[in-house]
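What follows is a set of structures to go through.
Note that chain A is present in both complexes that follow, paired respectively with chain B and with chain C.
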Partner chain A sequence: MSDSFMHLVRPNVSAPAAGSANGPANIKIHAPALFQILEIIPKQALDSNKRIIGTLLGIRSEDGLEFEIRDAFMVPCDETGDSISIEDQTHKSLYQLYKKAHPKESVLGWFGSSDVLDGTTLLIHDFYSKGSDRAFPHPAIYLNVDYLTKNNEITAPKFNTYIGAAVGKGPSGVQVGWKAPNTTNSYIFTPIPNQVINSTVTEKISFNMLKNQSINKNAITLSSDMSYLSDQLDAVTANIDNLLQYIDANAGSSDKDLDLLRLLSNNLLSKPQILTDLDKLETHFRDHNQDVIMIEYLTKAVKEQIELSARLTASAEADKKY
Partner chain B sequence: MSGPFPETNNKSLHQHHTNILSKYTPPTATTITVQSSVLLSIIRHTSENYPSLFSGSLLGFEDDEGSIDITHAYPFPYPDQYEGGSFKSRSGAKYQQEILDSLSSLGYGVEFQGWFQSTISGNFVTSQLVDGLVQQQLTNKNAFIIVHNMSSIGKEVDLRALRLSESFITTYLDGKWKSRDLENHKLSYLNIFDDIPINIRNQNLVNLYLANVENQPRSENEFDTLNLSSNQNVTAQLLESLYSQVDSYNYDQNNFNYYQRQHQKEQSKITQWKQQRKLENLERAKRGEKELDTEEWKSIFRLPNEPSRYNNMLHSHAIDVLADDILKKCDEELTKSFAIERKLTANAN
Partner chain C sequence: MASVIVVENDLKDSAREYAQIIDAANQNKEFSESLGKFFKDGSDEISNKSELIDELYKGSSTGVLSKLTDKEFEPTFNLLVYLVGEIAGKQAWDDSKSPLFQILLDTNPKQKLSLRDRKSIKTSTILSAFNTIFNLLPQTSRTRLTILHQILNVVETSNFDYSIIEKNFGSNLVQCATAAQATDAEVKELFWKFVNLDTKYTEKSLHSIKKFTQSHSLNVEELKSLIKFALSSETVDISFLVNNNVASALAANTNEPLVSIFKQYITGEVVEQSKIQDGLPAEFIHNKSRILSLARFFSQASQSKIVFQYSEIPNGDSAYELESLLVTAIKTGVFEGKLNQLAQTFTLSRVNKLIVAGNDQQNAESWKDAKQALIDWKTSLTNIKDIVKSSRENIVNAGSN
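Let's turn to the complex of A and B:
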């Protein structure tokens, strides 16, 4: 991300803009959650007057500076003029169902897609900042998906994330609903950086598969025999080519890559003792290969025994006279 | 977790179902289309929680082109003790219904289509999973299950969409499981399941995002497949699963062998009896007496009943899948081993 961020002291709900010495905040968006958001947001285009929003779920670090958005769901809302009504009950029941399967996760905030921060943004943010089953007592985060140009053309989606904390004196009196603007707080939206992550290697492999096959294809077939071996080998070869190219182009001319060259030559020259004793090495490999072949042999024997037994039983039973 | 499934009375279980549901309709949807977010959600959940096994509901709708579109996946709240454990549990069904109710209020119009289940290789073939799936397929002809084989975790993604075959379900509905029934229904342990192709669909905005995202540098652990010893633990685990499946198989086979011996014994008694009666009748004919009934043995001898082949079928299938996975791992390992050996010894010369 090319944008630069100014890290302000993090405000929180109970003590707005309090002077606690907190470091920079960061948001990690898990790829599955990101995809879910991207699948929900286009519903907005179907009906230009309708705002599409949803709840962000995940984990907040103990100091409240690291966020992990792990899941998301849509919450229906109705915008009329200056006010908006959010289907509280849907949010609540979907959250509680999610909570059952993910007890350690909670509501982090909300997402939507809008080119401006306006009064409605404030109202929605107020909804997510107050009450039970929402981000309270922590400040809610807001994720905005930016996928339209000024001329309403669709472009590659960008994600902007903010922490919105209440500032100023809160409203007095009893809150009757978020529809009435005089009961809402004022919020300061602090942009915070985000990054997209994959939680496991397996997930990353599938993410890369989706990425590599996505161009100009509507459907990707999941073949049953997905051997990544050749793909992985290609990647390694490409890495080595890259490195060689870099060394050819740069390393001869200056000393600034000396450390890199040292690291490489150390890695290449130092090898374990076993690699120098060729006979022993070959014996090791032979033993190992024989072990593997033995496993293969026995496994095949089991497989064939099972088949044989099934056939013998079938024919023995078919031959029975009584 | 990966052990053999309990041998307890699943016979009574499936006979019980037969009484409730007895109509089988062949499926009409021939492919499964999964939204990419759902694919990633399933994989995230199953691989984050590995080695615990997890399952969940797959929700979506049937499109006009004979495909099932899966738009949502919800894992069940608790891990499974064994594969299929949540499919027939009351709490699982309740959770599934609550999710459906909440989503229908969102106007998604989604319905329950199937399950996903994480497993190790052939261990997914449990009677619980099969019972649950039969019940679903009888209620909804297009019901299916996505099985995530975790034996390649961190190396590749091994997902299969499966349905029980027509042969299997019709045999199941007969409920007798004698060799003759298998023969009549053309059922063997190799055709219990039908594979259904899975398509992954990226929505346009997802595609646009993916096309613009920069290539992230690959980390070292993504290249684990290239490591010579990377299959060591997995192969050991697969072999252990194979042993325990073979043990269960043998337990069942012993019963069957006992039956065959008993049957043989009775059979030779019958042959003896028949011979004797034949001689007796010859004597009687000579004396001009009335011949005795030659079919009387039927009321004298009782042949043992062939025990159900049901468990044998399931264990055999599990063993077959496990063996294939082990062979695949071994092949990979040998390929790597030979390549690395050649490289190392060539360098040293």
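Let's turn to the complex of A and C:
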């Protein structure tokens, strides 16, 4: 939740599969998707502020309250005055290509960068809310990346996410005899809180590895598990050193210090006895390593057996044919 | 940017659309005709704005709007909000006496809806509508305070599930109220009103109380609500609530019986059932205090050893009773360990130390202990690193041979 808005329950939306609002909505943005968006959006600055938009892909929970943005791609569009044309076909083919690799994911909505939400925003949102291969019959979400100041200077990007609450009579509320001047072309863009998440441990490890390597080095060498463990131990020892340094310099009775003391006292004061018994620890560690090697060996053996049997079956089949 | 309304139609069409919705609910054409008078033919000009607003509100009485289904109500109300904003200017929203709020309050269901009832307007829809107006107002608007109060009133009167709004409402309540120019007293009133809605006394609420009291002092009444809330909560170790502000409030009100019970409780002494009054659950609190006294015993004794015979542990009459107490305590997370029923021993692996503000001497000791523990851990880590290093060398050598 940002400081300027509040979000209690998801508003009623016109999408037929949205269900009624019964709780707060939340959007999770996976880090790779975020990088993808950040790579696309600044292209706007290159070509005299031409509007750049794209499609958000990912999964939504069954109750329609949780959204997870997992990937994104750009969709070309052409804006002239008040009207805008979106290359529908490009969106369709890119989405269908993506769908082949990720059958469980679907279109969640769209992203763009704009300092105002206006008629054009509404048109694009409407495009994503209706029609096949888009968010329909679920509500579309809109992610706005705010990275330019009013003077067109680049600042740290801010991510705002919105859902389009219905205004007036939605398509679901159609009653016979109504002379509709226009079917819903109106939305209240209601802000929804969002958070960026690192989805997997592997992602974190690889990110840390990339971070630690200097960009001038031509090759990134992959270290073995053992030296990774040593690196981690070094990192923990360095953290403990920092903590000790802080305690020596600042430990007092302020509320924050007391919280730290409580955290340390509640979690640290007893340690497993094995850590002081070096010989036993070494034996345990060696045994563990042996176990790992054994499992690796067995896995390899089983895998080879399976492959062998597959080949034998295949050649037997081939023999039968001729 | 908070909420933004974007409507494609012009004002006249929007007004006509609204009138049609109301007329459909009333099953006549009266409202369309009465609104039509205000628009001149062929132009968007409005003949009399204030009368049009009055007419809009007159047509949007609770009796009419409550005829709409849950799915229809919110979009219709949003359209009304938009029309009011367009006709009377956006300042019309920024009025704590705006009839819009009354419409919402009157439409809110007075009784819990039956599960079968899928059409009637729900409380969540009313809250969402309040939420929308809140987001349309500027951050500094004092009307936002009125809305916060109204939201709490709606939650209180309609038995709305507190846990749904707990996280999002609680985490920014103070920040929003302060931005809306609320005085310190107003912020406190809002916060305690919000916390007292929690009838389950959750740990989340305890943490928000802790956060709030870190920046706001407490008077006797607030201290009493804090104590009652904390003691009634299922969380056993509530020592984290005692920050510097709470400690000074406790010190200033030592003659209050509730304060002395609380002090006894957080220092790990067993509280007798007969002493607990004020409608608090006596037996429940007594049992909680027994667990905490056990934690105090372990935290004092764990300096020298971590394996305890059943006979060494106070508080239990029989082995069975002690075991069930230990298991309950482990479940509450106050300490962790392993029971050995055959040898009748308990091996402790972690225990909460009851750290409270205002007890400087004990806290200095705890700092010393924590520091020592950190140094021990550091030494152990260095040892582990050596082991890892030697194992790696062994593997490499074995591979090369």
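One rule holds for everything that comes next: the second predicted complex is superposed on the first by the 176 of 322 C-alpha atoms of A that agree within 3 Å, B and C clash if a C-alpha of one lies under 4 Å from a C-alpha of the other, contacts with A are read in each partner's own complex, and residues count from 1 in each chain.
Simple rule for what comes next: a residue touches a chain if its C-beta (ideal position, glycine included) is under 8 Å from a C-beta of that chain, and two chains touch if they have at least 3 such contacts.
All figures in this text were calculated on a predicted structure; none of them were measured in a lab.
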Who does A:Pro137 touch here: chain B (first), chain C (second), both, or neither? neither
Going by the contact rule set out at the top, does A:Asn289 touch chain B (first), chain C (second), both, or neither? both
Is A:Glu317 contacted by the first partner chain B, the second partner chain C, both or neither? first
Which of chain B and chain C A:Leu281 touches, first, second, both or neither: both
Touching partner for A:Leu94 - first (chain B), second (chain C), both, neither: first
One more residue to check, A:Lys300. First (chain B), second (chain C), both or neither? first
Could you look at A:Leu233 and tell me whether it touches chain B, chain C, both or neither (first, second, both, neither)? both
Contact-wise, after the overlay, does A:Val167 reach chain B, chain C, both or neither (first, second, both, neither)? second
In the superposed view, which residues of chain A touch chain B and also chain C? 226-227, 229, 233, 236, 275-276, 278, 281-282, 285, 289
Residue set of chain A touching chain B in the complex reads 30-32, 34-36, 38-39, 41-42, 70-71, 74, 76, 87, 89-90, 93-94, 97, 100-101, 147, 154-157, 196, 199-207, 209-211, 214-215, 218-222, 224, 226-229, 232-233, 235-236, 275-276, 278, 281-282, 285, 288-289, 292-293, 295-296, 299-300, 302-303, 306, 309-310, 313-314, 316-318, 320-322
State the interface residues of chain A toward chain C in the complex, per the touch definition above. 1, 3-12, 14, 20-24, 117-119, 121-122, 144, 160, 165-170, 172-173, 175, 177-182, 185-191, 193, 226-227, 229-230, 233-234, 236-237, 240-241, 243-244, 247, 251, 253-255, 258-259, 261-262, 264-273, 275-276, 278, 281-282, 285-286, 289
So, in the complex, the side of chain C touching chain A is made of residues 1-9, 13-14, 16-18, 20-21, 24, 69-76, 78-79, 82, 122, 124-125, 127-128, 130-132, 134-135, 139, 151, 164-165, 167-169, 171-172, 175-176, 179, 214, 239-240, 243-244, 299, 302, 306, 348-353, 355, 357, 360, 363, 366-367, 369-371, 373-378, 380-385, 387-392, 394-395
In the complex, the residues of chain B that touch chain A are 33-37, 39-41, 43-44, 47-48, 56, 71, 74-77, 95, 98-99, 102-103, 105-107, 153-160, 178-180, 182-183, 188-189, 195, 197-213, 218, 221-226, 235, 239, 242, 246, 249, 253, 256, 260, 263, 267, 270, 303, 306, 309, 312, 316, 319-320, 323-324, 326-327, 330-335, 337-338, 340-341, 344-345, 348
